[in-house]
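Once you scroll down, you'll see the structures, which are given as structure tokens.
You will see two complexes here that share chain A, one where it goes with chain B and one where it goes with chain C.
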Partner chain A sequence: MINRRNFLTTVAIGTASAAALAACGSPAPSQTGSAENPVTINYTWWGNDDRAERTRKAIALFEGKNKDIKVNGNFTDFGGYWQKRATEAAGGGLPDVMQWDLSYMRDYGQRNQLLDLGTVKINTDAFDKSLLPSGQIRGKTYGIPTSTNAFAVYYDPAKLASLGIAEPDGTWTYKEYNDFLAEVGAKGNGALFGATDYTGVWWMFNIWLRQNNIEAFTEDGKLGFSRDDLKKWWNQTAALRGTPAIVSEERVTQLAPKSPFGSNVTATEVTWDNFMAGYLGDSGAKELKLVPVPSDDPDNLGLFLKPSMLMVASAKTKYKDAAARFIDFMVNDPEVGQIFKTSRGVPASKTQRDGTTFEGTDKLVVDYEKSIEKYLKDAPEPPIVGFGTLETSFKRVSSDLNYGKLTIDGAADAWFKEAEDLIKQNA
Partner chain B sequence: MTIMATPKQSAPMLSTQDYNPKSESTGTKRVKSVAFHAVALALTGVVLYPALWMIASSFKPNSEIGGTNTSLWSSNFSFDNFVTAMDGIGGVTTLQFFTNSLILAIGAVVGTVLSASVSAYAFARIKFPGRSIFFGMMIATLLLPFHVVIIPQYIIFNQLGLVDTYIPLLIGKFLAADAFFVFLMVQFMRNLPAELDEAARIDGAGHVRIFCSIMLPLMKPALISTSIFSFIWSWNDFLGPLLYLNTPEKYPLPLALRLFVDQTQSSDYGAMIAMSVLALLPVLIFFLVFQRYIVEGVSTQGLKG
Partner chain C sequence: MTQSPTLSRRSTQSAPAPRKSKRSGADARAGYTFLFPWLLGFIVLTLGPMVSSLYLSFTNYNLFDPPKWIGLDNYATMFQDERFLQSVGVTVGYVVFGTPLKLAAALAVAMLLNSKRKGQGFYRSAFYAPSLIGASVSIAIVWKAMFGDSGPVDQGLSFFGINLGGWVGNPAMTMPMFILLTVWQFGAPMVIFLAGLKQIPNELYEAASMDGAGPVRKFFNITWPMLSPVVFFNLLMETIHAFQIFSSAYIISNGEGGPAGSTLFYTLYLYLRGFSDFRMGYASAMAWLLLIVVGLITLVIFRTSKSWVHYSGDSK
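Presenting the complex of A and B:
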């Protein structure tokens, strides 16, 4: 009996303390702060130690200039970041300001989790007009790009020199690029291959579509290309698969999580230009160079600037004004540019870009983006919901193609079935 | 049982009669023994290889980890990775991450042992109305996938204003929410002879006295296995801290570990692996210290059974 009484007491105490804790919740705070009584906004980002250090400096600078706002920063790794956001979005606890990735833009924007930044004051005058659509959904602005990256072909000049192959000049057709890969493979003697199969890279496919004036996704979120387009694309390297021009899929798997290019197994790689620092670190190469992607139409390279990350605010934030001022500061302030350099990508805002001095690796990337300026077209709208899954399955199906498990027709059928199911599911 | 056991036992008996140890020279025996140990060692090597790889890699420069480098030892042996790892991340020292992990792990052990043993005593020894229903409900929580309750739990803690404290991570342990441990202890207590508490009751002991003086000492093996598991689970927990903690100063080690490898920037595998080695040490020490109790617990169990 004692125990039952104890049990009831415990329950009573527990309930009472829970109620007390609930009552402790802070009263509704005021919308704006003052220097004596600043408001605190939460800002969250993903990234490593280096980014944490730089962001801390930027926040200190912002707080120094805006005495009425305190910024509470926190960070996690990229994978955990999205798990945490998903839970917070469902529980109504998203931080006020967040660093954002393009592939999650439409998902959260459509579910009204993000603040319409058109309703607050953020200066976008210094932004390239071709870039802004990537943060917009149906005319509403949900994200402001902090920085950009562009697609490129990387190569290691030292490796080409050792094989006696001339460096590419940056204007090539697909046939010329394929011939180049074949030459590297032939002279590489089994130690050096041309590249990873570039037809397995979704963004490269997307750029090829743009070169042929096809949009990957229609405005209503359907696929904008046909099965035949995809077959044609995968046929581009049909003659190279299984030859030393392309590193075998077995080898790629063995080297993971490092890329074949970062492991010094291939001479070239197509990817985003902000991978430069990572590749230099992984490969230990002295110098890496960037040239534009191949195209059969020399006037249309299909290139565009993609926001490497964006700044967004939570739709539920109590401090819209403070959040907007912080976003404006992070994307426009020249001193912030000087702090981050190109670690977020090349600064998107011209004021920030001009206020930053770039050296070494940073300069290579900035110069590359400057060199392709004349080819740039409007960035595509944020990709459809579930795009991440489509990109992964694109890579997986094309890797099966390389393993020889699928024919090109079979691969195209397999991917289209997955894509159509996914689009139907999310419609 | 005896009927079943007889043929089983007779088989080795027969073979020992056929097998005359004296006819075999000590040399052959030694060869057999050496072969057995060689095979056993080789298997151990295979099992331990990942751990060995981790330790070896923690002394290598970043560019020699993974990729084309398959050899275990590097000529560029250095402690640089450990220095980087100890530097911490974003102004928070690694010692801080360790302390946080320790607070959480010790809190989890204390909470689980206290609450689970008391609840188990109630289920195993006290006849209260609705006992079997409550017991069934407790078992049912074992079948409930963790991911189902994440969001409701988050909403509750968020509205109570407890996010970014250790309370959401620890309160469940103090309220015996880990049904697995309660179940483990209930099963253990049911095996203890009821005559013991009857004797104590005759001598005038109440439930508190019986629990403290009779049950707890006898339950040592169960308490120890509970401690070990709850320590290791808490030490390795990633999702809970990820969801509930917002300030880097409060992060435990598993969150910090992930920050060294950022696929969107350059990854410092060396520092991450060095930190993994450091993070493994407490678990290893904890296990080594308590491992003899496990063995002890199992052997005394056997004698009593």
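Presenting the complex of A and C:
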């Protein structure tokens, strides 16, 4: 009995490994359904309740137009999403169609887990040709961008007004932004904080690097920045940590998976502009506004349009045709654009973009992306294999920094050790 | 004839007659036939995966590409991995503090419930219930809400002037929270203790009372030695069980082992290594190390048991 118990510790991991080894079946030929006998495809995405609601509407619309296909939807939050996919991939059971992130494009695409969408029929005529390479690896198309997003600073005008603080005009240096956060914190009286520590956000770091004309990764997949760059970055908010300018890490942890901004605990947040709908839903705020990120060089904001998400299919799907039709529908159909508005980002397909009416806050997002057009640089290619892990550990190490468990030097050392180890592993 | 050594030995011992041997051959066949479903399950679901995970522990395996043999590298790098060492620290702390407290709670409640009183059946069920649902996902979620900012625990303590804030986000308070969670699930060892207590003959207590022994004396000179085999069993089971804590840690920390790594239990880190970082070889090595360590600890508990466990009928 005791031995059996003992063995259980390894069984779990062992079973998964065995499943991984056994998962070498050859993909079955593509199957199609009919209205009487529809095929069912699985679709999974990450997001909050707001996105779930919109996605269900889109699925219902698709099923109404395609009687031979049923779509079985499923969602989780972003963090858990990738652990689930890894488990499924190990067992050979990835869902037929998935919402995907640029960060994980190479991990799965390069390892033959995703369907080469060049082999199926998806219309990409209405796409900006500079955007499509973000879903391509070595000439093969693994993902179709649904939409684009860009980095921005969100703020809640009502909250600022209640504190008697003027709204930002959209041009600020890091010092000005930090001063602004300190002012919010000072007047917020413990109920409202400036922001979450923005130096813990990988993409903001990436933008800062670009503002200093540094690329995060070299072409041969190594780190393009030095330990000192990272230390300099984490020093940006060194004076703010532990003050009301930045919400305490204790609060951030308790609120997770909701963000402090969505929970009305902070007045600003630096993140992707397509989070608008989610934040409005979470916070219940009447209006949220967007301004560009801070930069010490007013002519170089380091901003770029990124595919906010891509649609991919599993390499092992039995229903290639159905999967392709669903992807095509989700990225091109104007009515889908009407359902999602800017909650996935600004639609990437011109057909979908033109077919969508943007009003109110959605118009703010579209206008924001137009307003920064002259600052935009090329979209990044899919980052290196294992990037998702690096992004996660960046957030974790920065969180340890905010807890005071690590010094800035220690944090930079810890992250570099993990990053170098990972790059060596995947070389 | 091909037979297992035990069977042939027995048949030669009892009767060497060929007829009898044939009969026992048929018995063996029937035996193995009945054993077959279990054996198949054991080989396919336990032994096979174990062997493959042992192999993987010597490789660099990312779930997708074929494993690459790297010898003992995984085991060697483990001891330079700060997160690994942190996970060992967290888990050992949990086992060392959680298990004895849980057993003490279980024994104390079992002794209270051992007396003959009205409604004992109800109390027994009530105290046992948490251990039935304790390992479930829903309890971890409830626990997280209870110990969050302005949760019932925070409010309750604030009422008495203790302002700790939420425990979930405070690295210093997460371990006490997990220990409370495990102590609260004392039902299973409690039931076993209760059964053990019922086995102790009442005469011993009566005789002790006649000699003027008080309750403390009775506990240390009668209850504890008489109960020691049960304590031994519970200690063994709960220690092993504590090393395997996973689901509550996964849920409460959103699968990240936070805040500041304070809930990075061994199995959680193992899982993150395997399924978040795609380092399945490393994760397999961690699993084997855990197996070996738990095995060694079991051995040590067994060895020391000779000096403190008393079986009735023993001359000691």
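To be clear about the criterion, the second predicted complex is superposed on the first by the 258 of 427 C-alpha atoms of A that agree within 3 Å, B and C clash if a C-alpha of one lies under 4 Å from a C-alpha of the other, contacts with A are read in each partner's own complex, and residues count from 1 in each chain.
Just so it is clear, contacts are C-beta pairs under 8 Å (C-beta built on N, C-alpha and C of every residue); 3 or more make two chains touch, one makes a residue touch a chain.
All of these numbers come straight from a predicted model, not from anything done at the bench.
Looking at the shared chain after the overlay, A:Arg396 reaches chain C, while chain B stays out of its contact range. Look at A:Ala90: by the touch rule set out above, it reaches both chain B and chain C. Of the two partner chains, chain B is the only one touched by A:Gly278; chain C is not. By the document's definition of touching, neither partner reaches A:Asn212: not chain B, not chain C. Legend: residue contacts after superposition of the two complexes on their common chain; A:Pro257 is shown touching both chain B and chain C.
Using the contact criterion defined above for the overlaid structures, shared-chain residue A:Gly79 touches chain B and also reaches chain C. Shared-chain residue A:Gln425: touches chain C; no touch with chain B.
By the touch criterion defined above, A:Ser371 reaches neither chain B nor chain C. Once chain A of one complex is fitted onto chain A of the other, the partner contacts of A:Thr243 are absent, as it touches neither chain B nor chain C. Residues 2, 14, 18, 21, 77, 79-80, 83, 87, 90, 257 of chain A lie at the contact with chain B in one complex and at the contact with chain C in the other. The touching residues of chain C, counted against chain A in their complex, run 45-46, 48-50, 52-53, 56, 60-65, 82, 148-149, 165-166, 168-171, 236-237, 240-241, 243-244, 254-256, 258-261, 267, 270-272, 274-280, 283-284, 287-288, 290-291, 294-295, 298.
Note for the complex: chain B touches chain A at residues 62-63, 66-68, 87-91, 122, 126, 128, 150-151, 154-155, 158-163, 175, 206-208, 238-239, 242-243, 246-248, 255, 258-268.
Touching chain C in their complex are the following residues of chain A: 2, 5-11, 13-18, 20-21, 77, 79-80, 82-83, 86-87, 89-90, 107-108, 111-113, 248-254, 256-257, 386, 389, 392, 396, 399-400, 403, 405, 414, 422, 425-426. Those residues of chain A whose C-beta lies close enough to touch chain B in the complex are 2-4, 14, 18, 21-22, 24-26, 42, 44, 46-53, 55-56, 72-80, 83-84, 87-88, 90-93, 95, 255, 257-258, 262-265, 277-278, 281-284, 343.
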